Amino acid sequence: MSMDRQQHPTDTTIDAYVEELLADAERSLVDAHLRECASCRGEVARQRELLAELRALPRRLEPGIDLRPGVRGELARRAHARRRRAALRALRVPLAAAAVLLIAITAGVTALLLSERRAAEFATTEGAPSPPTDRGAVSLADFRDSRSDYVRTAQELSIALERHRALLSPETVELVEENLRTIDRALREADQALREDSVASPVLRELILATHQKKVEVLRWAISL
Amino acid sequence: MGDLAVRRAALGVVLITGALFASATPARAQHHVDRTAQLDRDGEFRIWNMIGSVRVTGWDVDSVRVVAYLDERAYRRFGFGADGAAGKIGIDSDGRTGRADLLVYVPRGATVWVKTLSAPVVITALAGSIDVYSVSGDVHIETAARSVYAESMGGDIRVVGSSPTVRLRSGSGALDFTGSTLDLSLASVGGAVTVRAAGLRRAVVETVGGDVRMDARLEGDASVEVLTHDGDVELALPAASSARAALRSVTGSVRNARGPGAEPGRGAASIEVRTFSGGILLRDSP
Amino acid sequence: MTSTHEIEAETARRIAAGDDAAFDRLYGENVERVYAVCLRMAGDVPRARALTQEAFVRAWERMDSFRGESRISTWLHRIAVNVVLESGRSRRRREHRFAADEDTALHPARASDPGLRLDLERAIAGLPPGARRMLVLRDVEGHSYEEVAELTGAALGTVKSQISRARRLVREALER
């Protein structure tokens, strides 16, 4: 041990002594030193007092706000992100086939200048694996799940925002509403296109989900203002 | 005092060492405040002004200094303090008018956090992390920082400089970035997005109605992703650079006006643009 | 007779199956405990709220792996500590950017309340981040030095010397 009767114990040794973590032999050495050293006795007393105070601190503290809406919103966001990644993985094979063809016919930047319908044609003519109907069915189900998650979350947040509204200035309320109007207009246009498009193009679906996500973000943002 | 009240009080004053002037009522209508406190060069400083503008600038001194003219109402709600590692300045709003414009000097390497309501924020000469939260104020940041995050639902955000990561978010306000960054993320609702960037490795731009104009020099294996409902997207790349681009629009026009360039090799940059009705144009940089 | 462990395992199964009311109960019983450890380890209110939220998100996502071998509160505590330690390592604060940022620290009425506990909390918050986390785990939360070393990934000797130093810094702050 790093002490003798003349030499003061180190800070960590004092701490171990106070916490009763020293082996008997070491403990006796510190006891002997303390009998002769008022300064170290003071150090031990102060350290004991501090540890008692730290242990007496309340183990429960109120966060001051309800974090549950945030927890649920974050869970919905992550679930959507996972579905979005899965949908993109399912699309990757035929897109890669189309890209290979275009790289062959253009030099420099290779651009996929395709509407969704033409992308489907490419996939068909190039004999891409995985039948489009199966792929569409899986990602369409994911799309519907995600969209209803977002719609539900947005409804919950809208109710929370109504309660929060009294705390916001009229200018801020108008600002929030202006942004929500922009988003709702985009959602109406995209939903209309979805109804008219029996193929339900993956790009359209992804854009719709991104816009729903934006709405949830803006609502959460507004509540945090 | 109840146990709960003690806990609340304990939380309430964490990090605050400065005097608070709740009861001080000087006779003059205007108060000139000029105060200094010690702050480490890599300390953290928070600025909170709900009734006026904030200007922050870095200096090579291990302290924070605030200079401000406050009216009576603002003066009564003013708090300031720092204890080396961290500090804070704040002017709360009591719901009535009052005005406080703050000029704050902080150590150049400090982490700075700013929150305002509707007045502008200007930040210059800081090398640490910068976080700005405004409801509707314009934000202007001009510096080479460790990271930049800024959001304003109604204000425009303009960043000039360099930082490894830049994240900007607005609602109806415009977003504008000029400089170099590895990782850029810009999101708006109706606000237009303008980017002139060098050294990009990753860029994600999302708007609902905002147009996107981007002139970018990309690193070899960079990825650029743009997603918008009906904003027009115009993307310019240096003529000599090569990239793979997937430009997809549900109903909008799509045009590739790039001249002949090098064949994209393995590990070339990738560009993905998706819009509902916004037009897409890919072209060479001027 | 049904044991506490069986009841808690059942609660976990319900939450994993999407039972909102079961989650509300779990949250109500544990949020103050989780928040206390996040606040003391992180040192400021907005970050502590964001970390608390993240701890419950993670708990929900992993609920189907809870087998009732420990108390659910212990399991949650462990998740919270890991969330704080990970955030300290990578400072991925942007992920929590939607958390409320309002700050209550400047209300004069609250600031005027003195008291030892308040000074002690302030002194802890003022410690360097690494030392603060270790001190909170050992002296407030009651973990052994070995557990602190395992949780933080630091060597046992480093943990002991950091905590020893942190205690003296706290005392210095209180004596000022």
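So that you can tell them apart, the chains are marked A, B and C in the order they are listed, and the count of residues begins at 1 in each.
By our rule, a contact is a pair of C-beta atoms (placed from the backbone, for glycine too) under 8 Å apart; a residue touches a chain by one contact, two chains touch by 3 or more.
Everything numeric in this text was worked out from a predicted model, so none of it was measured.
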Exercise. Higher C-beta contact count, A-B or A-C?
Worked result: A-B
Problem set entry | Chain closest to the middle [Cα centroid of all protein chains] | A
Seminar exercise, completed: When centres are defined as mean Cα positions, the distance from chain B to chain C in whole Å is 29
For this session: Please compute the C-alpha centroid of chain A, do the same for chain C, then give the distance between them in whole Å.
Result: 18
Exercise. Using the touch rule from the top of the page, what residues of chain C touch 2 or more other chains?
Worked result: 39, 45, 101, 104, 117, 121
Seminar exercise, completed: Multi-partner residues in chain A (2 or more other chains touched) are 58, 61-62, 64, 217, 221
For this session: For chain B, write out the residues touching at least two other chains, lowest number first.
Result: 8, 11, 151
Exercise. Contact residues on chain C for chain B in the complex?
Worked result: 39, 43-45, 93-94, 97, 101, 103-113, 115, 117-118, 121-122, 125-126, 128
Exercise. Chain C touches which residues of chain A in the complex?
Worked result: 11-12, 15-16, 46-47, 50-51, 53-55, 57-65, 67-68, 70-71, 73-75, 78, 217, 220-221, 224
Seminar exercise, completed: Given the complex, residues on chain C that touch chain A span 23-24, 27, 31-33, 35-36, 39-40, 45, 48-49, 52-54, 56-57, 60-61, 98-102, 104, 116-117, 120-121, 135, 139-142, 160-161, 163-165, 167-168, 170-171, 174
Seminar exercise, completed: In the complex, the residues of chain B that touch chain C are 1, 5-6, 8-16, 20-23, 46, 48, 79, 83-86, 88, 90, 92, 115, 131, 133, 149, 151, 165, 167
Problem set entry | Parts of chain B lying in touch with chain A, wherever the complex brings them together | 3-4, 7-8, 11, 117-118, 135-136, 151, 153-154, 171-172, 187, 189-190, 206, 208-209, 227, 229-230, 237, 242-251, 254-256, 258-264, 274-277, 282
